[in-house]
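Below: one structure in structure tokens.
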Amino acid sequence: MTKLKWGMIGGGEGSQIGPAHRLGSGLDGLFEFTAGALDHRAAEGIEYGQRLGLGNRAYGSWQDMLAGESAREDRIDLVTVATPNSTHFEITKAFLEAGFHVLCEKPMTMTVAEGEEIVRVAEKSGKICAVNYGYTGYSLVRHMKAMIARGDIGKVRLVNAEFAHGHHADAADADNPRVRWRYDPAQAGVSAQFADCGIHAMHMASFVTGQEVTKLSADTVSCLEMRVLEDDAMVNFRMDGGTVGRLWTSSIAIGRQHGLGIQVFGETGGLRWSQEQPNQLYYMPLGGRLQVIERGEANLSPEADRTTRVTIGHAEGMPLAFANIYKDLAEAISARKEGREMDPAANLYPRAEDGLRSMAAVVAVAESGKQDGAWLDARPPMFQ
Amino acid sequence: MTKLKWGMIGGGEGSQIGPAHRLGSGLDGLFEFTAGALDHRAAEGIEYGQRLGLGNRAYGSWQDMLAGESAREDRIDLVTVATPNSTHFEITKAFLEAGFHVLCEKPMTMTVAEGEEIVRVAEKSGKICAVNYGYTGYSLVRHMKAMIARGDIGKVRLVNAEFAHGHHADAADADNPRVRWRYDPAQAGVSAQFADCGIHAMHMASFVTGQEVTKLSADTVSCLEMRVLEDDAMVNFRMDGGTVGRLWTSSIAIGRQHGLGIQVFGETGGLRWSQEQPNQLYYMPLGGRLQVIERGEANLSPEADRTTRVTIGHAEGMPLAFANIYKDLAEAISARKEGREMDPAANLYPRAEDGLRSMAAVVAVAESGKQDGAWLDARPPMFQ
Amino acid sequence: MTKLKWGMIGGGEGSQIGPAHRLGSGLDGLFEFTAGALDHRAAEGIEYGQRLGLGNRAYGSWQDMLAGESAREDRIDLVTVATPNSTHFEITKAFLEAGFHVLCEKPMTMTVAEGEEIVRVAEKSGKICAVNYGYTGYSLVRHMKAMIARGDIGKVRLVNAEFAHGHHADAADADNPRVRWRYDPAQAGVSAQFADCGIHAMHMASFVTGQEVTKLSADTVSCLEMRVLEDDAMVNFRMDGGTVGRLWTSSIAIGRQHGLGIQVFGETGGLRWSQEQPNQLYYMPLGGRLQVIERGEANLSPEADRTTRVTIGHAEGMPLAFANIYKDLAEAISARKEGREMDPAANLYPRAEDGLRSMAAVVAVAESGKQDGAWLDARPPMFQ
Amino acid sequence: MTKLKWGMIGGGEGSQIGPAHRLGSGLDGLFEFTAGALDHRAAEGIEYGQRLGLGNRAYGSWQDMLAGESAREDRIDLVTVATPNSTHFEITKAFLEAGFHVLCEKPMTMTVAEGEEIVRVAEKSGKICAVNYGYTGYSLVRHMKAMIARGDIGKVRLVNAEFAHGHHADAADADNPRVRWRYDPAQAGVSAQFADCGIHAMHMASFVTGQEVTKLSADTVSCLEMRVLEDDAMVNFRMDGGTVGRLWTSSIAIGRQHGLGIQVFGETGGLRWSQEQPNQLYYMPLGGRLQVIERGEANLSPEADRTTRVTIGHAEGMPLAFANIYKDLAEAISARKEGREMDPAANLYPRAEDGLRSMAAVVAVAESGKQDGAWLDARPPMFQ
């Protein structure tokens, strides 16, 4: 069991995302933190990387790291891109072209065209390009997907997802730079709350139903006057399997702590899950009674079993969900190295196509919001 | 403490609504069940009324009851109209014109024009015309309204309401006449699930914020193919105090039992309540911590105090909420009789204007649904 | 459907218990409030009774009421005794002996000997002597009993009940006369919190299992120093069907609002219910999954069906539970009048034997507490 | 940031405890898995250790490991003892005497005398001897302790803890060797469910109150007839700060998944926490309102802050709680190495004294159970 070699770009000292990725990648002992270009300031990045034990594989820039790692026999197996959003495209593309597997933070790109470019590059390179929609790593979200796939609730009629918090509700704090940039088109692009949070709920809707969003209509509002981009949005959508979708996202919902949740209703049953109680999945068969499916139960799906680490009744949380994305990637990479089929229950990590579709949805939401909720195609051109 | 005299039209043997009104009106001992035309079949209605103790004030038709009661010195103080929807207008109008106070079941009318007519007749008659949006009778819903009115959450930015159940999700049962008529335009009018359930959530949004809906955009769908009218709808709206609204209603949400709930977010706080846990109101002040307001607590509002009957910690439910509408009406009628001001905390029963506004909203939802979510005026002409 | 005639002793103006009984007895329209001796001050009682519409059947004392009602052809069908605890025995006994059905507030008596006397008198008179353990009126508590009786969880191994609130936790308020008397042996007898609240949980344990408590061991403490009687107690017990019992009661549990709840574990399943969420009953069959039984579901037991008034998803609360005791009594009395068998699903009201057993348990708890938890017989002598 | 070197004895292939310790120790990147004697079968242990990357520090026995590591300059900094219970004493003692820091799985020893011996050896050696009561690692459990220590609820009156599950309720499965040994005195010692689970709740009661148990009274029962040792116990106890305690533990509570929870009531407030919802702590100040303290909130205690890894609203679970014990130990060891004071907020890991006290409590519970609940001293002789 030699560990896979893992590198990270970004995630420098004091960031939240860096420790999260180190925790997630290291948690199962499948990856070893081997290389990094952790800061855009070369000296700081090298110094911090060395403190974290990277030795001479602590680089001063992603370009140096690309060159250095490309030149080695024992090059890293996977690189995580956790830099500012506007640089994701360039770095991801470069590493894919150089033959590295990549896990890119969301958003994968700033435009749909760039997203299509990444999809093409990834395909051409034959390398894995994963995107970090980490909430789908929860064991019971995966079980939900498995139940739907095997027909437990019949044809899916409707999905209702939400991601609503109140952490940007304070007008007195709205000019705080840490908050303000998110609502500034120059820095954040065409969308704020939907792009930041709502898209996780939309990806989860696709993930659990196995369907893609085809068109949508959005009502976007800025509840705080000084904001250009939306802090609250309601999105109605349709999916390619005929499912109707509803999605609410908000950053001004005071009293909601996180607010990621999803309900799915089919012809013969309904399912409900929320991140505030991630170890329980509520299921009602048509004509039956509400049941509480508990993480770690006997006889769940293989997808649930491989993503659960402690026995039933002990809570599991987000860091383990996140680690499941890395666990999937470790299996995908190892299977390739060993020339074998990968475990299908691991083949669930989000990929470039998801990053692209998300970008197209963000653009459609922003545009529909401007056009009084006009129904627009939510698909990227290459998938229309 | 002589009881007020109460009569009912409709609510015959075997109906659900009749016992509910008798329970609600009788619960506090403020009304005495005195007269009724309980069935459209004269003999059955009289016989049932006599069994319920009405004696010779058990009538064979509402016309007989109107004539009979009009001729008496000791005529009834309040008449409840609980007949099939299409007859509400005619009966309510006739009783108002004859000088009776009326409590009409929802919907008050089948068209907006009729609604306006009722509002004019009620105004001209000087009589009370209440409409039965009974969920606003919950003690903590009233406290929510009082908190918002006194500024506890500041200017209201957004309200998110829902009423989602799964009781019409079974395709095998969709042809059951008890279910089918609701989705048949010939019998139910322009809207099914929104008119039946969603409107309660919309009225509650108006009730707690003290604002009226001005315009709306709706996405209406029929998840069961054989249905003409919608079984699921998402409605975005705006209110006359600047509040943004979102409202989801569904009858195919398997696993949801009732699903009436409301969240209100203001500049300085948020509030959350749902009928599944009606004795708790969740409140978070901006920058503070989530608090659980318990029905029956010390130092709540007068509106909460007068609508609570058992001490803290003992659950109260829907029948008592419903009785609160009658309690309001008893106070309104008694105050008139005694020539005094009524208790302002009782002046909260829904009235003809609410019935009219609801009808206009139903029409707008149905029309917007047909027009791909076009934003339409939600107000009745007389209030535009 | 002529109403039964109902009278009350005690429950004068300003009391909590009077309105609760009037609401409970009147809620279904089965009883008419006909007579009363509502206050120990004759004039006040008569005046208040007349205001409530009792006319010349508003009496100045229970003795006058006993004489007056005994002399009438149309005497009351049921009398509720809601006077101070120390008078329950005398009044209940007198009315039973005069041939009235009685509903006595708890505690039925102040001593075990008095309790045995009531049981004998009731038996001899052939009249109903009910005791008001009202929490067993909840629809799902009755369904719990029905499930256990029909074997859904197999032989019952263990029951764990609790009734824990924090309303007497404030040392600064402990000398408030409204609170103090409960902890004063001269006024409250041998036990405070167990006799006041814990006994409801113990009665519920007997009610749902269908077993009686045989012996017990108690740890009683006074967390507030100035108190003589206990404000917290843990009671372990055994039942005559072999079930092990645990019961915690407290009045110093700050943050607990009411705290009545019960869990029952059998050989093939477990059940859980609490008054804070009275419309849900949690059930797990051995080897199965946790299910949420919802009040008002289809295909529940007859015992549940007859005690539910609004459809599924609408909350029901304590006042309706309380009314169910009156509903049982109306059926019991009507069946006797009509010379027919009563509905077995109504034959569930608590009776004199329960009042007696409770008194014996209170004495045993107090004594065991003094004897360091010695195991004592919990049965009254006549049932040993 | 060089990692500390960590070794493990036991936790061989297929065990649950081994991966849990590897995950916990590795999660923050503070320890490196360096050495191990993972299996009592020498060849298997060495082979498995080598697969896990231990190279020539994969040993065939703990004796070999003790010799090998003692001889090295770069010996391991901490050894975890995760072997069968009966061997804990011998191994822990040997490693302490050789100058290693030890984390021992619970129970630390099989007898009180052995426990006292470990305490003496640890003291003499000057080395850390920690015991793995991992549930106290939850961030909000630590915040609870901090709130109580700083007086937020005043003098603590009462603590009520429970640990109740239903995983050993199936009579048909009781002879399964995986279950049976726990109830067999020859293998498990004097106590089953209390020693296995209840002791965690008792340790938590001591942890959060900062008080030790002085005496106790227990009611122990075997609900399944074939069992010698108890599968359900109720323990009443007293603590050295005057607090009253109640503790229920069960393995036959069908429908309870894990059931670890604790409620603490003081003179000026109450606190409630349960593992099923570990990211919320319920707090009510006397005379105030129930508040929901959320893990990751601003302005919590230093003890909470250092044990939280993801932002508010994202669930955290048991593996991170467990890792917090290792995080404490890393700080304790590093501080010693660096000759500085350790962070007081990290000085919370359970230690040999806790292991000893737990063993004494287990013996007292078993003995009190045999003596009909007699009150017995719960302290080890050396602390009496």
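Annotations for the structure displayed:
To keep things simple, chains are lettered A, B, C and D as they appear, and every chain counts its residues starting from 1.
Everything that follows uses one rule, which is that a residue touches a chain if its C-beta (ideal position, glycine included) is under 8 Å from a C-beta of that chain, and two chains touch if they have at least 3 such contacts.
Keep in mind the model is a prediction, meaning the values are calculated, not measured.
Shared contact partners of chain C and chain D, listed by label: A, B. Ranked by distance of CA centroids from chain A, the top chain is C. Distance between chain B and chain C, defined via averaged C-alpha coordinates, is recorded as 35 Å.
With each centre defined as the average position of its C-alpha atoms, the distance from chain A to chain C rounds to 55 Å.
Chain centres here are Cα averages; for chain A and chain B they lie 43 Å apart. Shared interface positions of chain C, defined as residues touching 2 or more other chains, are 290, 294. Taken together, the chain C residues at the contact with chain A in this complex read 289-294, 297. Per the touch definition, chain D reaches chain A in the complex via residues 1-3, 16, 19-20, 22-23, 26-29, 33, 51-53, 165, 257-259, 275-279, 294, 309-320.
Across the interface of their complex, chain A is touched by residues 153, 157-158, 160, 164, 166, 169-171, 217, 219, 221, 223, 232, 234, 236, 244, 246, 248, 250, 252-256, 263, 265-267, 269-272, 282-287, 290, 372-375 of chain B.
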